[in-house]
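Each of the next two complexes has chain A plus one other chain: chain B in the first, chain C in the second.
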Partner chain A sequence: MSEPSLTAPHQLAYTYKRSLGPVLSRFFTALRDRKILGVKRKDGTVLVPAREYDPDTAESLDELVEVQDTGVVRSWSWVPKPRAQQPLDHPFAYALVQLDGADTTMLHVVDAGSEAQMATGMRVKARWAKETSGAITDFVFVPGE
Partner chain B sequence: MRDVAVVGFAQSDSMRRETDRNEVEILIPVMQELRKKTGLTNDQVDFVCSGSSDYLAGQSFAFIAGLDAVGAWPPICESHLEMDGAWALYEAWVKIQMGYADLALVYGFGKPSMGDLPLTMALQLDPYTTMPLWPDAISIAAIQARLCQEGGTLSAEEMAERAVRDRGNAKSNPYAQVKGDFSVDGILADPYIANPLRKHDCSPISDGASVMIIASAEKAREFQDRPAFIRGFEHICEPMDFGVRDLTSSKSTEIAAEKAGVRADKIDVAELSAPFTHQEILVERALGLDESTNINPSGGALAGNPIMAVGLTRIGEAAARIWDGSADRAVAHATSGPCLQQNLVCLMEGN
Partner chain C sequence: MSEDPIEVFLQPIQLDYDYTAGVSASRFLRAIEQGKLLGQRCPVDGRVYFPSRGSCPQHAVPFADDGAVELPDRGTIVTYSIVRVPSENIPLELPYITVQVLLDGADTVLMHVLDGDLDTVRMGLRVEAVWKPKEEWTTSLANILYFRPLDEPDADYDSYKEHI
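Then we have the complex of A and B:
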């Protein structure tokens, strides 16, 4: 009989700091102030999160516009057993949320309490952290106007 | 264009958890098997190219160890991609097209069981706006599946049919991991693991490796009487943000298939590496496949998903059916990124 293999834990991490560039810097600074920014494309539609380049045409984008922190769930999935790294320690939903004023959805979290509360088309609003730090985790969505 | 063909292939079992061997130790016997089957020696190889992921290994430059399986002395010409081996094959094919090589050895390998794979996959997402939320791969796929189901693109029954077909086909594949006789009704009675996905909608987590030889026409017949000539080879990537993509179709597969000439004639065999049942349906449609094509005779990615090798393995499985004469025209598919973000299509013919 051979002895069982040795095992050891190993933590992968992104341990260095980096500049976010002209557009994402403003996007994240705005989050710190509890505002969500999109970016206007040439055709007038608004992308959220804001992006430095148009994903279809690769044109530079820099016209940032504020969108609402309320919106509509376009699709979702339920996380019955969150992992330690995930943003909430109780069951929640990941969802594609289209914010009021935005033409695209963004992937984020909905703290709905139970799966039965989730539905495509439901209204959600941001619940901001008591202390914001300029990160995408400064808010989660909750059901309601 | 030079005529280039797939002429040799070997693969490991797809294993849920290989506890005693590291990534390279999984790769070495597969490489040895290929050399034994084909008689390949290193002096015949002009270029070596591999696909693997340091994120799975949990250390930087982990792929260098893979060269222990090749033998890097005397010095070799070598390249590596942080992608499935199917893309390494693409690089080797370009190298041969450009006249810098006549024969290339290509491999892909991965050991995802060392970590929590659905969570590790979050590391491929936008590092600022998405990854800090740690959306796991199954949750993201479930969001896509719901969009498809609620939008009327496909049904839960059609998804279950793919699982039944692939795992049934896999009974004749000795390397497959999940195989057997399942029923649509049985699958639909299972609980959700991430509503609307059930366990059967997901590919397994698999450790494994595969190795391939491609060669120019002049050298190809030294290895195969009926080489699998690559007649179309394309890969296309969609944008990073989910919100700007149509997640209910696979546009990039469609474009790649068009450019590769897939629809120009009947396809006898298709090997798809879509890791979720709804994605398999989207890929089938994007390739324009119907009942006249034998889809996933090996079981595809739903029967064994040795990540970083699974796409290369699809190409190997399709090529093998050209070698043995059971197919004249075969297409293989590989994917990368969340929700079929990037797709590769390889069209092969026996003549």
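Then we have the complex of A and C:
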């Protein structure tokens, strides 16, 4: 009979460094100033987060517009036991939030305290970090206005 | 606060595993803790795989326990690369040389680094392992610090050409 198998912790960690390009660069730079930017399509609808190309027509997009940092939860999922790499260390919701002025939803965090506080159609607003760095983690959503 | 535009986005990825080595690799790791390099011989064609593993990847047969082969810590460079680009997690000073070493008696190559001249590294160069001090040995291939050239004639190309 062989000796028991050896085991050891193994951490695989690496950091992607992604060049943002002109449009996303403006989106992230605006986050540092506590502003959320969308991009306007030819038909006048606004995509948030801003992106470089129209997903339907593939046209280049570069008309950035500021939207509100308040909006509506269109769908959500409760995370009862967050993992180490997730944005908050206590239970929270991932939600698709349609910001006021936007025609699309964005996936982000709602720090609602408990699952009972979450509902589709609820209003949320951004709670900004004391010090922003130009990252999507500069804010989370919280219930109410 | 900086006024420069944000042009780069850093996304750290971190995955934490509990790695279980399994019977064969555990035997290999316990041997290297004693300074021994264990390969395993395929019962079908007699090729020696290093590090030892549980089964033959070519013939899909289990390796018998008595197929373990102790290999010397010297061999031949079958190919190499000079690294001039830094990597996170690799603290070596640039440039450095990575080598594929065919240990004497083995049929698979081991990737490691060579402490040698950029000008003289070549295919066929004979090398030996330089080990950490014995009291620092653990169940890890990192017990070998690097390889260094031996004062020997180069290996004949035919002796390693099928392992390139």
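Keep in mind that, in the parts below, the second predicted complex is superposed on the first by the 128 of 145 C-alpha atoms of A that agree within 3 Å, B and C clash if a C-alpha of one lies under 4 Å from a C-alpha of the other, contacts with A are read in each partner's own complex, and residues count from 1 in each chain.
Here is the rule we go by: a contact is a pair of C-beta atoms (placed from the backbone, for glycine too) under 8 Å apart; a residue touches a chain by one contact, two chains touch by 3 or more.
Owing to the predicted nature of the structure, the values given are computational and were not obtained by experimental measurement.
Shared-chain residue A:Ala13: touches chain C; no touch with chain B. Looking at the shared chain after the overlay, A:Ser5 reaches both chain B and chain C. Look at A:Phe28: by the touch rule set out above, it reaches both chain B and chain C. By the touch criterion stated above, A:Lys130 is placed in contact with neither chain B nor chain C.
When the two complexes are overlaid on their common chain A, residue A:Pro49 makes contact with chain B while staying clear of chain C.
Judged by the touch definition given at the top, the superposed model places A:Gln85 against both chain B and chain C. Contact with chain B, but none with chain C, is seen for A:Ala95 once the two complexes are overlaid on the shared chain.
Touching more residues of chain A than its counterpart among chain B and chain C is B. Residues 2, 4-5, 10, 12, 14, 20, 24, 28, 85, 135 of chain A contact both chain B in one complex and chain C in the other. Residues 19-20, 55, 58-59, 116, 119, 123, 127-130, 132-136, 138-140, 142-144, 146-147, 150, 192, 194-197, 239-244, 247 of chain B touch chain A in their complex. Chain C contributes residues 1, 5-23, 25-27, 29-30, 65, 88-89, 139 to its touches with chain A in the complex. In the complex of the two chains, the chain A residues touching chain B come out as 2, 4-5, 10, 12, 14, 20, 24, 27-28, 47-49, 51, 55-56, 74-80, 83, 85-87, 94-96, 98, 104-109, 115, 120, 135-137. Residue ranges on chain A touching chain C, taken from their complex, read 2-20, 24-26, 28-29, 31-32, 84-85, 131, 134-135.
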